[in-house]
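So, here's a batch of structures to check.
Across the two complexes that follow, chain A remains constant while its partner is chain B and subsequently chain C.
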Partner chain A sequence: MVLATAETTTTLDFGPAVALSCRECGTRYPLGPSFACIECFGPLEVAYTWTSPGDGPAATVTRRQIEAGPANIWRYRSLLPVPSDVLTKRNLAPGWTKLVKADNLARELGLRSLHVKDDSGNPTHSFKDRVVAIALEAARTFGFHTLSCSSTGNLAGAVTAAAARAGLDACVFIPADLEEAKIVMASVYGGRLVGIEGTYDDVNRFCSELIGDPLGEKWGFVNVNLRPFYGEGSKTLAFEIAEQLGWRIPDQIVIPIASGSQLTKVDKGFRELIKLGLVEDKPYKIFGAQAEGCSPVAAAFKAGHDIVRPVKPDTIAKSLAIGNPADGPYVLDIARRTGGAVEDVTDAEIVDAIRLLARTEGIFAETAGGVTVGVLRKLAENGVLDPDAETVVLNTGDGLKTLDAVSAHARPTAVIRPSLNAFRTAVADNS
Partner chain B sequence: MSVSVRIPTILRTYTDGASEVNGEGATLREVLQKLDADFPGIGARILDETGKIRRFVNVYVGEEDVRFADGLDTVTPDGVQISVIPAVAGG
Partner chain C sequence: MVLATAETTTTLDFGPAVALSCRECGTRYPLGPSFACIECFGPLEVAYTWTSPGDGPAATVTRRQIEAGPANIWRYRSLLPVPSDVLTKRNLAPGWTKLVKADNLARELGLRSLHVKDDSGNPTHSFKDRVVAIALEAARTFGFHTLSCSSTGNLAGAVTAAAARAGLDACVFIPADLEEAKIVMASVYGGRLVGIEGTYDDVNRFCSELIGDPLGEKWGFVNVNLRPFYGEGSKTLAFEIAEQLGWRIPDQIVIPIASGSQLTKVDKGFRELIKLGLVEDKPYKIFGAQAEGCSPVAAAFKAGHDIVRPVKPDTIAKSLAIGNPADGPYVLDIARRTGGAVEDVTDAEIVDAIRLLARTEGIFAETAGGVTVGVLRKLAENGVLDPDAETVVLNTGDGLKTLDAVSAHARPTAVIRPSLNAFRTAVADNS
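The block that comes next holds the complex of A and B.
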């Protein structure tokens, strides 16, 4: 399938990537701005020289080569579908965010070893900078001059910022009722920001139709026609976690689910590290986290279903409010294959978890992080997580983007006149 | 009932490049049957071997995802627009 440009030849420089491959039926296509299999509509994924025999020489990537790279995702460029000269390109160079040893939170939850991978430290304060960086390189390689996306907010900001840095035009689409901070972030970098009256699923549908129309057919939609490349950016979370743990995969990891793409790519990243001999082969469990107001994958997991029935979202965790998650079936497969689970928490539990993480570790998560930490807590309390196993939980965005969720609960302890007596009284009242 | 069907890019080889075609039928099932009669082979791309909508295809009647309605039995009023769209991840 060719969606936009005439260029779909494998002679384009995508580093170790050699083809696109259907995740459902295995049909292969040249590297191009394509995302769905002509045979079965299955999602296309990037195939590498090491994916199957005959695709060329297997990668000879070493830990030392990676460690000598820059402190951003491009240290893993030999494992990503990006041009060989990516280090010379103008981009936001995201990644290499902190892996915080969370002893205080671990103690509170009764866990022996816990880390928080804190992606609020990225240039636009969410993990989306990782995926957009890869999609941006694909957009440039295919000759697109406008970068676009459907978004619940974080992606929109990441796209407009990346386009600004790269000197491309941007036009992004969001549900009109998003959090104020995300609207500001998506518009401040320039380009066009279009609010759609409806849910994210409505925005997604609109963009999918726009891409087939002359209006949008020459645009690079990072999560539509560039999706196979975009998705690979999430693997860098797996790479960084393993490297930051001393080239070791954690025993268990808790990951938020919106479309499910991130969770599936973290699993893919771990498996590639094993396949390339960069880490020891060992079992690991992947747990998915959803908000109760949008938990179609958790519902399917608990019911033992293979099919995810779409829902109409109603939750404060708007960045996870995707009622029809395209990668949901794969999340179910991975959770079951690894011995993990998919769980959900209420809006009240999300707010409690945001405050818990902030209070124990000094990390202010957005609502998606509250979902993930809330599910971590629930799984620990229910005995589903092994308390002695090495655990990692993802925080994918900054709490400053979703202040409204906690603003009613985070107020001044007291408001007083500037006098010692007034403070003594206030302290006495609060002691 | 006379309806219009929006065709995704990857199926336009069946419709000679047309992005939108006319359809007929009182339900989505009937519309898809007529569509396959007019453009042989297109039905098997949208439906799997058991006759169900493929899991990575979203079909809308008007604004509504048919999974929220009656699936293939969803009524297709005269003049309604039907959209066939590959599932898309991300956000």
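The block that comes next holds the complex of A and C.
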């Protein structure tokens, strides 16, 4: 474990970020490649000028400044721990993905107002490009030469692609039994891809060991020693949703849970927008979504527990298959505090939901998107969602990476010789 | 064949479009679902107010108007044959994809200034979303209930996705031996997918028959009876490249050739920008790219012929595998008129180029992108490209759809147990 040190980083440019701060006890540390508090082992978060009045000028970020920025996450650079000159750096410039007004799906589910935030439009077709972009800038600032991660698949592709663009080395670690598309995507960009015989949690433990070893020196593990920076990337989902709704926080939002980091950071993003006066302060409900085959947070939520009991994942939603989610307790807090919930769906419901979203909105989601849309449907049917409230559901990945989930259902209607008679016989008469 | 008719369409709203006009003899027809001239069988193109001073007011489109538009192709709606209220319609809103400054690739190829126009960021991850979006609006305007096409794969997915969002039926036709990813993607959105035993050219001939049959009545075949509208969508590539370069046409551009339509429409787009005073009038060179296994236009170019002799395709670049390219002669004209060229690369060079682009820029291209980047490399090495001129290369598709092309080369470096010793042995000592 990389604990915070007293090593000074005051000369490093992280824009509006001024320190790392323990989420549990509030102890503050200089900005550095560390992720756990020396005092209490709590996770570290990035603190900004506006959360720390003593450390610098109050933020004066305006909607107009943001709107004048580029069509990617760097439009929010004044709200992120990145160098002031990030616009001049070589990176994948992810984000500003579509917020799709999903009227067809809303009608099927009996909802008045529904949007899909579709992160399949990112450079490597998942939301991971957002978090990696922030971690990459931190890695450069700290002088790391190799970018690394433990991954359930999407992250490995995002890291190797980002490293390729930036000119860094990459060495990434995945469970060896991942989907073929994710394996190819994680290795085509160059760098080293290492398959680990075991679950994602085994991969994660291995990376924690490696980071303490001389082998892993000068390596930036985006989701380990760069985790406080990495996590901030998920806030851009909250920023974009609010801006794309016309600077308004939705009433209800459904977010997938793997480690739980994304859900907690979307909440943090909404709270920062409120604090900075960029949106009106209003209540919102956050709903977490898991696959039944890996639903430790949903189980804890339903049982009324504060603690998440680890499970061994068994689901087609491999990108969410984290059996020991680090941010699980925080997710429970947020779901309860905002009046939301955590729900899960079966593999069959995931497949149905992928097909529902494709058929109604022309969006082909990864299994993780099947989880959120499936949970959305379940919550709508159970009356847990308010059908009249403005609702957003996240699609964080791309169906092309999890073809096997739907390939049995997505076949040609017919295969025929090129003749009108053959077409009449095979198709038209059956339609 | 659907010939133009005298049927009046003056009450239909196609924005700035005023007529169809024969590319060969200039005969004009009302806007309608037809694609061939009654007089000479030449292909019909869309004519606008600014090409037809007698028909309406001169266009007064400004950069500022366009820049104030949405981050999709509809920012150019005043230059496209679409209804004035297209922003209120339910569609996939494609376009405004990234123009990536490709400094790493430029360095490897010895070029001073290179950009990749990366259309993998479109909703179904190919440039086809652009052309389908225009054809869809035409289909709605003409009252068609079913959207259809002959496709080498990408188009089928783009059509079925667009139909799903718009609430139209879809029935699309592909060669039965396509890549699995394209088959799944073309059927997951619903509608009917029909595999034809034969080549794309067989599929295309079948669709031309179907369109004359009562079965195909009220069907909008995006690339047959809606082709004049469909083709205009490719102009948005030219518009975006010019705007993203700061309202400047590049000196050199490399474009893939399937039917040749895209290349001719990019040229048309550049000429329209010049005509409307949106960019400076300056020379530019257009280079066409084909796979050696389907290179009828490159062969004609090299032989100095004006006629393209059809071939039977045999290449991994299936999305470009059109052996009888309808716009081949126009491509030859444009390459010669602008001082460009048409070149081809082998399947092995395509694979190398996919890997080169991934390794240098973090962009995972389809085989069609391997063709353009491979041709770019070949032209640079042969001294045909000016290394000091501003160059753009198109990536029109997504590597996730043609995994097989690179999967043999994109494997894990190692598969190990989760231990530091295993990692040392397997990877670190060999690196």
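Quick notes
In this text, the second predicted complex is superposed on the first by the 421 of 431 C-alpha atoms of A that agree within 3 Å, B and C clash if a C-alpha of one lies under 4 Å from a C-alpha of the other, contacts with A are read in each partner's own complex, and residues count from 1 in each chain.
Basically, contacts are C-beta pairs under 8 Å (C-beta built on N, C-alpha and C of every residue); 3 or more make two chains touch, one makes a residue touch a chain.
Computed from a prediction, not measured in an experiment: that's the story for all the values here.
By the document's definition of touching, of the two partners only chain C reaches A:192; chain B does not. In the superposed model, A:124 makes contact with chain C only, not with chain B.
Touching more residues of chain A than its counterpart among chain B and chain C is C.
When the shared chain is aligned, chain C comes close enough to touch A:176, but chain B does not.
By the touch criterion stated above, A:376 is placed in contact with neither chain B nor chain C. In the superposed model, A:209 makes contact with both chain B and chain C.
Applying the stated contact rule after C-alpha superposition, one finds that A:327 touches chain B and leaves chain C untouched. In the superposed pair of complexes, A:111 makes contact with neither chain B nor chain C. In the superposition on the C-alpha atoms of chain A, the part of chain A touched by chain B in one complex and by chain C in the other spans residues 202, 205, 209, 213. In the complex of the two chains, the chain A residues touching chain B come out as 1, 3, 24, 35-43, 131, 149-152, 155, 200-202, 204-205, 207-209, 211-213, 222-224, 227, 230-231, 258-261, 307, 309-310, 312, 319, 322, 324-327, 329.
Partner chain A is touched in their complex by these residues of chain C: 71, 90, 92-93, 96, 98, 103-104, 121, 123-125, 160-165, 167, 171, 174, 176, 180-181, 183-185, 187-190, 192-198, 202-203, 205-206, 209-210, 213, 215, 354-355, 358-364, 398-401, 403, 406-407, 409-420, 423-424, 426-428, 431.
Interface of chain B with chain A (complex): residues 6-10, 13, 19, 45, 54-58, 60, 63, 65, 67-68, 83, 85-91.
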